[in-house]
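Two complexes are shown next, each including subunit A; its partner changes from subunit B in the first to subunit C in the second.
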Partner chain A sequence: MSEEFDVVENYKDLLRSSPELSMPVAAIQALVELIKHSKATTMSEFMLSIKDASQRLKSSVRNSISLSAGCDLFLRFVTRNSHDVADFETWKATLIVRGQSFVEKADACRYKIADLGVPFIKDGSVVLIHAHSRVVSLLLQKASENHKRFKVFVTESSQTQGGIRSAKMLRAAGIPTTIILDAAVGYVIDKVDMVLVGAEGVVENGGLINQIGSYQMAIVAKAANKPFYAVAESYKFVRLFPLNQYDLPTYNADTLSFQELNVDYEARVNEDGTIVPGSTAVSAASSTALSQTALHMKTSEDRASQGSNPLVDYTPPNYITLLFTDLGVLTPSGVSDELIKLYL
Partner chain B sequence: MDPKKKTVGFVPDQDVNTSDLPSPGSSNPSAVNTPVSAFSDNQDLNRNTANTEPRPINSSGSRSSYEPMKSSYEEQWGLSDRAQSKTQKAASSSAGAGAKDAGSNKKDTKAKRVSIASPVNSNAASGKEGAKGSGLGIQSNASSMEGSQNGGAGLSGGPPTSGGKGGSQRPSAPSQKSMTKAERRELQEKQKAEKAARISAGLPASGKKAAQVLAQPSSGFSPNPSKSLATSFPGVEAEKAIAAAESTGQTKRREKLTKEIGLFAHLDPPKFANTATAPRDLHPAVVNVGLQMAQFKICGANARCVATLNAFRKAIQDYSPPPNTTLSRGMQGYLNPHISYLVTCRPMAVSMGNAIRFLKHEIGNNLDLPDEDARVLFMEKIDNFIRDRITMADQVITSLGLQKIQDGDVILTYARSSVVQSLLLAAHAKGIKFRVIVVDSRPRFEGKQLLRALANVGVPCTYVLLTAIGHVMKEVNKVILGAHSLLSNGALYSRAGTAVVAMSAHELKIPVIVCCETYKFSDRVQLDSFVQNEIGNPDELVNDQNNNYGHSSTRCHDSVRGSDTSATSASKGAGGGVLSGWRESRDLKLLNLLYDLTPSEFVTVVVTEVGLIPCTSVPVILREFLPMIQQS
Partner chain C sequence: MSKNNELVDDLVAKLKRRQLVGSSTVAQATLKLLIVVISKSNWTTCNQLLTLVKSVGQRLIQANPTELAVGNIIRRVLHVIREEFRDADVNASQNQPEFQSAPLTTSSSMYNLLGETGSTPDDSNVQYTSSLRSNIIQEIREIKDELENIYDNIKNQASLQIHSNEIIMTIGRSKTVEEFLKMAAVKRKFQVLVAESAPSYSGQEMALELSKAGVETTVIPDSAVFAVMSRVNKVILGTHAVLANGGLVAISGTHMMAAAAKHHSIPVVVCTGLYKLSPLYPYDEDSFNVTFNPDSVLGFEEGDLIEKVTVTNPYYDYVSPDFVNLFITNQGGHPPSYLYRLIVENYDPNDHTFDL
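The block that comes next holds the complex of A and B.
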């Protein structure tokens, strides 16, 4: 078993050491490491240890969707190959080799997607993106390298401030970029030619799980008849089928719960460390400076209720025009085709 | 006048069914009084009110036997009556055949009943001194006369529906009624073919019958009349009439009789249990299943498929190939008449089609196997199919569906699906606290079965009809539906009414969950409910007040008896509401479509045994997954 090897620690190390690594790939890499360290002698023990490790990985982070996509993919890969095992040790070796080659190829995925997506960005167009996504940034950089002239609106994404990161990267690549408030999506949509978002996970019906705010962008885009494209690597396809926002694994009874009145929240906030500084519902109304003051003005109740804000939302497939993946440019129903092929 | 008396005598027995009783009263005073009293509590006001009007019209008819026919209705009536006489001839002959067939199948109680009923018909027909055509004419005359007499006497209890055209409608109705009732009588008294003698006896018999008649209605809301109304298959007669008309090449007439609707003329007319036309060498188990399906005793895609497969299994078990062929090769030819017989009973369900295709595929793949090996193999394949594709699939669907039911859910479902029922029961057994709204609709009220099952285990339930869908949908947060079939374009083909439910859920962004086994997936594509559908018995739409109190299980139960009576349509009409005379009304047609099509965008997710999939993935499953299963 893996007593002496801590998957979760390894996974976090991997993410820390290389910020470009995405969660599912890091998870797979961590699991490959686990196999390397595994001292399991029987098949069932081995499978058990992998399942256990992936379970621990999933429960180690608050938002496990893209992580579980990686874990499930690897598990599927392991079980699918477990039928015709002649020699246990050589099988383990092949698993390690395959896993590593997968990790290496994962990076190439993004480049392939970028190549596929570039033709969709027209010269002189205006693109609206949401928060920060590595693959979206790469796609835009590629387009810029291909001498496409376009401008970008990026939402601030107040919870993680990802938009600010994106804006820095894009400006560095010479792309004119403006940060807008999350609440200003409707305001700018008429000036926009297309909406481009990344994904934490792509679910079975071709819907999207992504950083909070994607769904409302999709709705606004649909209402304005603007194309809404999602960009996702195929290892983010996940076997989930959410019926609506409240059917996600990240949803729990506390999400957006109403605070009880007349309770001292100071204590609760302290023990609950999940509140990100600067993540505010109120800050949408203000610039960074304002949001600082707003933060000071907020009562402890406000901050407590922020802790119950969701991190991701679900965009149903009927709002998505196309998905750019390394398997090609797919319609949402094409995603379910691929998933069925993969998992059945 | 003699014939009249006979018919009069006849009528009373029949009226067990319905309101016709008044007419006998005219000839037999004592009978007259009694029916009225009986009606007072049992029969609807409708009848009485309806009755009052038609009489004047009737009274215009002269007593001489054929005169009335020349009234303006003559065309219609003359035609239909003649056709009916033919029908009855056909019926008697076919009934005889049917009886023989059924008789050969001792295990099948239903078949027996059918056989019993049909001889009755033939007897009745023959009882009229063999001159059926004239006999019928007389009958109709007599009835019209009775109507006139009634009118004069001011008795209440004429046929309810006659309205302005009452006179015309009546003649035919009584004749049919008389048949029906006679049959019913016989069933009840268990007197069989000797009826002819009794008929000739005339009045005394009628007196007895009248007495009985009285007794039945007076029992308050006696279940019998209503049940018989609800369950009988009046269309049987119509069908036979059709057959007769067709045989004479009178297609015009056919249209008139069937009340075929132009847009749906390409669909098979409603079918009724009829062993008469079936080939002789069918396996009794298959005959049995066919009859049960025709009478909707076996209903629902899964149940029909399992029943069919089990019947075929028995057929394979008992099959001995002709000399010089292997069992497999013989079987190929042997199954075909069985299959076409089943199709004559009721249009094939998609599920059955897929199962039969599977079976044929297996047979075709094992043509040269030794006989006994092949027999064992096919039986095993059938067992495996039922186990893997239906039984186990349902269990997997149930467990997958449980993921989508949470505490506090309000789940809406429509009619009854076996899978949905087991899912809801499993959710309750798992301790999930949820509420169910069962939406139901005329004419079959299948939701009542589900309601009973759920209420029995203590699931909080609400029961509404489809008309209330807009009202209840607001409090719902999940809709779970069953399926007859899923088509390749993702459309859901299911019980009529499903589309409305799905659409209103979609309108409110409520997720619609469809539970469907993959063996019901079809490679067909359909864009609307018109191209392909099944027309049910239009008379199901007629008897409003009766149907409302019966529910399908009892109806099924009763349909055994009801279906036997081949001439019930008119008598049934007499018991019904405003629509009861629809067959006689020139411009009125009834359409009872059994299925409708829900477009794929109204369906959020399909729960199958291979997982939760969007309904647009049906072709992917057909392409990728099913070949895998078939190989293994």
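The block that comes next holds the complex of A and C.
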């Protein structure tokens, strides 16, 4: 079929070459590449190769939620259009064109969301954000460009340290930003006017799958009666219906298990789920350096459980005030409507 | 054309001077004006007509931005215009084969990310026909009928909501709630507690109307709402406007009543016509409020005191959607989380803000 074309490698190349690319968009781009290289002669062979490729993509990373949203959307598009094919080759060409225009539109999506979200940021307000999300950063930058004066608290979000990245970006845009500990969400909530988080995926009931810590943030926000807004592009809507935290595809037997084996104590986890190994020798002398890296873990037991910590959590819809998407500002129940329209 | 302008100026002036107030009145006046404008003006393309209606709309909205019903009616009309042009377009291009079926692209917006960018009717060159004009007018007249029959459609659901021997609480004078309760009284025997709604005391008028219709009515001071709430079975409220998230802009005191009801776990039902449903969000809770003449709070005869204090008289309350359990509209009962669906059905997303 397509032995010479490695879709996973292509996907990783794409992400490496342009860090601004989000996972679902890169996945669709990789699948389009696959179609270009496909030598399939029959319809079913073609469909099989795409399905197989998206399966391989999904299993290639540890945290596949937003990636599978992109793959599923593209697969759905291909299957839907496969019924009225007159000429196989022209159809393939159309798919390639559509896929490429999607990549362009995906970028426009973010700008549209930013425009929709800006009016929600009140002058003189304080916004709490979590970790790093491209679309949240863009929204805040836009608001700042629109002469809104506001301050931002951002959680450092240990594991990925995304908060530090966000803070750098926001400060560069002239927005006063303070990094807080993940554990300090409850402490700052009284100073905060609204909570804004991005999304790895938005599930069928309107709930949210996002970087670990979003759920507790939502609970704290609810308790303090502060609005909790989620920002997500519609290609992150994913057909999942998690009933609890342990119902996500990213959950496995190792997650937060009590066994402590040979764990890389200083391992960090990238946004796409790949693990960056730390320096292997952790001596007592280097422990001061460790504390400077904002990994505030004191005992070796604490550090040991790092490797099996979950990357994402699930926020049930009743904690979410509104979702800002490129389809408009939606209530959580609006999400299921959009998903039904796509898959019915 | 100049005749049209005169009519628009007239309505703008009336809105500005607050000679026309109340969502039902302004909605009907707006619709009447739009029918005249659309039937008397020269237009041949969709874009021309949309621009015309939008420019009239912008002037009316600026005249009194707190009357959200004006904007809603204009959005409804814009939606009708788009639909009619789209229909005409589909009819014209029916025999042209397409890559994918048309309804698919219009219905699923997520799918549009990958699909063809469907041509919007704005830029299509639909041939103008006189039947198009009459179709549009016909559709708008249907909205007019809907406005006129709104109370009938809402009050017909009364006996489903109110049961015998219940105690109902309400606040202010809402025509919709009044009709609703009167209708319920035909079949059922129940008691109504009306908060007097100071400083306008519209609750007292409401109580008078209800008692005339033979409903057992008690007026209570606003301060007693919480005290008697534990004995109430249901709170039925009217509203000035419903926002896109299901929040209410209603007479001041409503928030207090809804909060008291929530504390006692008493269901809160809101009766409203669909024309009050606005696609706007409460970016700022005070943005849709107005402050009225403080004379009714502290009269000028209290001269000594007035010099020493500031008196404000806000007319509306913003009530967040988690205080409301059910909306009764002319299309039936809906939970607050369903309102987005009604907005999608009635308004075009391009019209949420009026940018020409």
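As a convention for this text, the second predicted complex is superposed on the first by the 300 of 344 C-alpha atoms of A that agree within 3 Å, B and C clash if a C-alpha of one lies under 4 Å from a C-alpha of the other, contacts with A are read in each partner's own complex, and residues count from 1 in each chain.
To be clear about the criterion, a residue touches a chain if its C-beta (ideal position, glycine included) is under 8 Å from a C-beta of that chain, and two chains touch if they have at least 3 such contacts.
Note that the structure is predicted; figures quoted are calculated from it, not measured.
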item	value
Subunit A as common anchor, with subunit B and subunit C clashing or fitting	fit
Which of subunit B and subunit C A:Thr94 touches, first, second, both or neither	second
Contacts of A:Glu45 with subunit B and subunit C, given as first, second, both or neither	neither
Touching partner for A:Glu104 - first (subunit B), second (subunit C), both, neither	neither
First (subunit B), second (subunit C), both or neither touched by A:Lys122	second
Contacts of A:Phe241 with subunit B and subunit C, given as first, second, both or neither	first
First, second, both or neither for A:Leu322, with subunit B first and subunit C second	second
First, second, both or neither for A:Glu204, with subunit B first and subunit C second	first
Winner by number of subunit A residues touched, once subunit B and subunit C are compared	C
Which superposed partner A:Ser333 touches (first subunit B, second subunit C, both, neither)	both
Touched partner set for A:Phe77, first subunit B, second subunit C, both or neither	second
Spatial angle subunit C-subunit A-subunit B, Cα centroids [nearest 10 degrees]	60
Lowest C-alpha to C-alpha distance for subunit C against subunit B (Å)	6
Subunit B and subunit C contact sites that coincide on subunit A, given as residue numbers	333, 337, 341
In the complex with subunit A, residue positions of subunit C that touch it	99-100, 104, 107-111, 113-116, 244-246, 281, 283-284, 337-341, 349
Interfacial residue positions of subunit A with respect to subunit C in the complex	73-74, 76-77, 80-81, 84, 94, 98-99, 102, 105-106, 109, 119-120, 122, 234-235, 237, 321-322, 327-334, 337-339, 341-342
Residue ranges of subunit A touching subunit B (in the complex, touch as defined)	204-206, 239, 241, 243-244, 247, 317-318, 333, 336-337, 340-341, 343-344
Complex interface listing, subunit B residues touching subunit A	404, 478, 509, 511, 513, 601, 604-605, 610-614, 616-617, 620-621, 624-625, 628
